[in-house]
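Please go over the structures that come below.
Common to both upcoming complexes is chain A, partnered first by chain B, then by chain C.
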Partner chain A sequence: MACGPLPLTTLKGGRSIDQFVQAIINGIMLGGFYAAMMLGFSVIWGVMGVINLAHGEFVMVGAYLTWLMSDGAGIDPFVAILLVFPIMFVFGYVLQRVLINRIVDRPHLVALLVTFGLSIIMANAVKLRYTATPRLTDTALSGVWNLYEGVTIPRTKTGILVVALLIMAGLHLFLHRTKLGKSIRAAAQNKQAARIVGIDVKKIYAITFGICIAITGVAGALISSTQAVFPFMGPPLTLRAFTITALAGLGSIPGALMGGITLGLVESFIGIYVEGIGTNLAIVASFALLWVILVTRPQGLFGGLRPAEEPQPL
Partner chain B sequence: MSTATLSPTRSTMPLWRIGLMALVVASLVAMPLLRDQVGWITNSRLFSFTQMFMLIALASNWNLTGGFTGYVDFGHAVFFGIGAYGTGVLMHNGWEFPPALVAGAVFAGIYAVIVGYPTLRLKGPYFSIAMLGTFVAVREIVRVWKGVTGGGVGLTLPPYLNRVAFYYYTLAFALAVVAIMWWIRRSEFGASLIAIREDEIGAEMRGINTTVQKMTAFTVAGVLSGVVGGMWAYQNTFIDPDIVFIESRTIELVMMTMLGGLGTVLGPVIGAATIYWMRDVVWASFLDYHLIVEGALLIIIVLFIPRGIVGIFGDRSSTSLSELWGRSLGKDQAEKT
Partner chain C sequence: MRRRTLLILIVVLAMVAAACGSDDTAETTSAPAATTTTTADATGATTTTTEAEMVPCSTSTPESCAGTIVLGAAVSETGRFSREGKDTRQGYATWVDWLNEEYGGINVGGDRYLVELIQYDDEGDADTAANLVERLITEDEVDFLLGPYSSGLTMGTSAIAERYGVLMVEGNGASETIFERGFQNIFAVLTPAGNYTESAIKALADAGAKTMVIAYEDTAFPTSVGAGAVKWAAEYGIEVLAEETYPLNVADVSAIMTKFRDLDPDIFVGGGHFNDALLFVRGAKDVGWTPKGMVITVGPSNPEFATEVGVDANYIIGPTQWEASMSWSDEWFGTAAEFAARYEEKWGEQPSYQAAESTATGLALHLAIELAGSLDTDAVRQALRDLNVNTFYGPIDFDDTGKNAGKPMGAIQILDGVTQVIAPAEAKVADLVYPMPPWDER
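And then the complex of A and B:
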């Protein structure tokens, strides 16, 4: 609970410039992961207006799937992604049809409470089945590259960053270049007009939810090799997703990357420069950041899926 | 200020309801006295009731901001936590219980003023999540501030194991809180809060100083929850960040209030009592599943009985969720559909 998803290596006795470079490298890597992790949250909110408080639990389920594959069949987490994606897509699609569809056009509070109930159910169901013991997956992509004396680039985190960037690029192309993606954006911008031009909005919602949950599950697969996976890892991730959404604006992919890296840098600098209690303070900082952004700039720093001129629900 | 058009509700209560309430209160007061005569009343039963009284008080406080004013606070447990830690730290350093309790409540009130002023400018989900964020941040600060709070190890308080005394403390406090809520609901202040919930800009135009009214409600709720936290800490004799600051505590309060009826005086009382005893039953029969059942229950309440038990029986002051947030987000909702 108290540790960040990617434990930050605290340097002892290194030269200060090395620490600084290391903090930037760690921050960017953490930020890339955060960006991929929160995209699903932000797109679901942008497209259907549902604030998914069970977001972190979907990351957790993806991580557990990866652990099962890695532990049971020896599949490398980076390969397991290919299986996690379709499984989580089906999970998300069905969940949208069964439950989320009922709350789409209701006030935000309904969605908040229902998804919070969902998060309690998911976390405790996983705890019941697999106990609360922390799990970790093994990946062949381990170790570090020495950039130069005192500054290292962890291989696993580099792999995570690459996959995260691929996810973001893929989602961007999907939303802007394919017909389905354009339908999703149309439904986000104006549901009524989308219906008029013959888009099946309910189906679009289910597909959107499926894709977002699939991406979220993949983020869980990525995290599983660098952080202990346990049933109650979700809430801090959900809150980080919210922080970055507040920074980025709804459904904005470049915004997500910028917001993710901002948060990653903040957490990594605090983690490196504050001895001992840095990881706890990093969490405080991310929520303090969220609070400051919400109070000062509730419309986010970047434009998103919704048209810029539409006022945010404030 | 003038709130001529928003005259407070002064519906007369039927005699049988007054009688029923008097009967319930009288039997609750008499319960510990009959401990030797009735076998059902055990020490652990008294402890259960003590817990329930605290939840009733907390749910009523949450209802003041969430139900009356329409600001759904997802971090309300932070006041409970600050009260518990304020009282706990002072008693750990040799203070007596009463002054420590008051000091804990004052800390909660100061926190409410400092955080409430900027945060209450936010609306809808932004307010809710900002409060959740500050709640988690406070928990981590308590964990890190080892010199004062004992950090993750926690603090022990001087033990005082008198179940009957705590029963009466919490009963008296819960009754006081409900009385305060009842009075607020009928006062001009309460009418202003409901006006803010229904249409904040309209209320502002009517001459209600919405900032002052919201802040007052938020601070009153915070102070009262701080008192509950202090009592809880003394009763539990041990506090650490993870048992004091639990996210699920806030959500339980939301759930209880919603089951009973948002924005009503009796709703949180009925909701808290129902869920507390239901959980006792659920807990006893499926120890492992109780949280899963609770999550499912939350979803069912939200989807199927949004007006709550009191709402079903036609209390006009109750508010359904769709009314609560449908109005503050009226424009947004209208555009979407």
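And then the complex of A and C:
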């Protein structure tokens, strides 16, 4: 790198405090998006034990749905989520009934292969239909609020954080306060016992999968105005969802939020404070963090819906 | 039991990482299907004699041709470069069809030869591309090679071509590193990556810009662009305040943009591919920073960019290899505008510069073979080095390393949603707008 040291003005006086505040804001915003993006992945794994390698592709499909609505009918992405949610729910419900239910009780490898195949089918089908040209949606929310001179709050990302928090609060209440939600948790904790008390586990699984895919699609809708939407955007998102799930614990909602924000803050601080290669190093750091957590606390920082021990053979 | 969970996590991580690294390449393990753009079959032999008289040799009158020159290329049809690969394929096919149907075959010492182009899908993967090029050389026994899309794939495939001593003419690998290995068999018609930002930086310096920041992806082409930008900044008296790199598939550049905003430079230079251009514009807006000028590679010169980004795309500056409005012309395809019209009629869309340089790639090989008057590799190599022509794509004059030393790079600025050439001075159709107005005043 040929760049010299940063000018001193950024390192002393009020500037450094501004930068610190900005790093925290950026990190929380990024974390909010991460949490919304990985929640579906985490809950499906927690409830069904299925590791969904097509997760990023569901984000992609949600983003494309939003782009279609935005491009075709001028619907704002933040309004489009009201439509994306039910459409993706039906998609997820049907997919679970037709495909995923057949592999829930099989060894992990089968689920991995099936969802990996699914990811390839989805990415290439979208490419055939809509070409590989990257897309972007436009939201009325874009722009910034000036907190004070030198520190800004991005409006779109605030919107994403708010929706993410609403989704998480909603899911938490649903899982803990409704009968259906309690059935889902029961099925996650002990499938046999759930069956004995009369819970239709297959139906519960389908509803869970539908809700998770709906949330994942909404996450796609949310990011469609902040980054390029293209058919092959999925795998890095799946990888990120995986990292945060390992940090957070399977299906743990507070864990998802804290895990997402932890990762967001780590990336934000390293990105801002390390010169030249900060954004590169942040990715390295996030995976270093993952290894540390895997070795020291394989059940994740926050526990979750399902004990880490798997009763089924590999 | 903990160990088992750990094992699963590691296996999955490895699988996902593998899927990310090779993009969507993992699904295809079967032998790739060859697509032949044009063949010398005689199915169209019913063509009228007048046409046969006008054209000395064509696919409809193969009996009047001395033979067929077989070319090969690995070009992405799927994967991360599927968009640019499509432009490349269409560009090649424009030249092949024109040559075989209108021009009358390549004139090799008085004999006319048709051209057949064998293309395989490299899926955007370097290993696949290298294997396919080896297959083109050893099994299909092609006479000459045309290049793939992207600097990264050109790096690998040109090494295979060099090993077998087969000439490769390319138009989509701009990184300088391709030409710094002393290879004798690689020739590129496009302006090298280090020169991408020259016209734009010069125009901005003339308009009063004093300071600059640079961000680029840490892969072959953007790194060359970044190094070039530093060089041109020094040349035109602009101080570089910071230089930042980011990884492939980056999803968030707000840390970089925050840092840059606080440095308050006049201009921002971003090196990357199409997706990064979208991220830079949204990223700058999301931290409330409007630089006086933004120069971004690859994205802005593509008409799709303005469509997707909307009003925020206005005033963004982008280097361009070629635009239909440029004043270049030749005796084969006519003016740049005439080439664009021909292309649009054939493919139903406007040519990107990737398409134009692909057609020019074929044309350069074609002219060198005619100059050599022979199909011998050594003779054609010498002819490529001797070649010095003006084409619809611009001047073509290869230096000893195989780079096109003759062609200047242009710069466009998006004004009212339309890409307008603003530099170099002899090709410009609009004046640079500097500084650009803030995001919220548009």
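Basically, the second predicted complex is superposed on the first by the 286 of 314 C-alpha atoms of A that agree within 3 Å, B and C clash if a C-alpha of one lies under 4 Å from a C-alpha of the other, contacts with A are read in each partner's own complex, and residues count from 1 in each chain.
The working rule: contacts are C-beta pairs under 8 Å (C-beta built on N, C-alpha and C of every residue); 3 or more make two chains touch, one makes a residue touch a chain.
Just so it is clear, the model here is predicted, and its values are computed rather than measured.
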When chain B and chain C are modelled together on chain A, clash or fit: clash
First (chain B), second (chain C), both or neither touched by A:98: neither
Chain B versus chain C, judged by how many residues of chain A each one touches: C
Touching partner for A:30 - first (chain B), second (chain C), both, neither: second
Which of chain B and chain C A:49 touches, first, second, both or neither: first
Which of chain B and chain C A:116 touches, first, second, both or neither: both
Which of chain B and chain C A:242 touches, first, second, both or neither: both
First (chain B), second (chain C), both or neither touched by A:294: both
First (chain B), second (chain C), both or neither touched by A:230: second
Chain B versus chain C as contact partner of A:191, first or second or both or neither: first
First, second, both or neither for A:108, with chain B first and chain C second: both
Clash with chain C, by chain B stretch, listed 127-135, 181-189 or 217-225: 127-135
Contact residues common to both interfaces of chain A (with chain B and with chain C): 1-2, 51, 108, 112, 116, 119-120, 124, 235-236, 239, 242, 277, 280, 283, 290, 294-295, 298, 310, 314
Chain A residues touching chain B - in the complex, by the definition given at the top: 1-2, 49, 51, 99, 102-103, 105-110, 112-114, 116-121, 124-125, 128, 191-192, 235-236, 239, 242-243, 277, 280-281, 283-284, 287-288, 290-291, 294-295, 298, 310-311, 313-314
Of chain B, residues touching chain A in the complex: 72, 74, 118-119, 121-126, 128-130, 132-134, 136-137, 140-141, 143-144, 152, 242, 247-248, 251, 254-255, 258, 288-289, 291-292, 294-299, 302-303, 306, 321-322, 324-326, 329, 331-333, 335-337
Residues of chain A touching chain C in the complex: 1-3, 6-7, 10, 15, 18-19, 22-23, 26, 29-30, 51, 53, 108, 112, 116, 119-120, 123-124, 127, 131-136, 138, 142-144, 146, 150, 152, 154, 156-157, 225-228, 230, 232, 235-240, 242, 246, 267-268, 270-272, 275-280, 282-283, 290, 294-295, 298-299, 308-310, 314
Residues of chain C that touch chain A when the two form their complex: 1-2, 4-13, 15-17, 19-20, 23-24, 26-27, 78-80, 82-83, 86, 218, 230, 240-247, 249-256, 258-259, 262-263, 274-275, 278-279, 282, 285-288, 304, 308-310, 312, 439-440
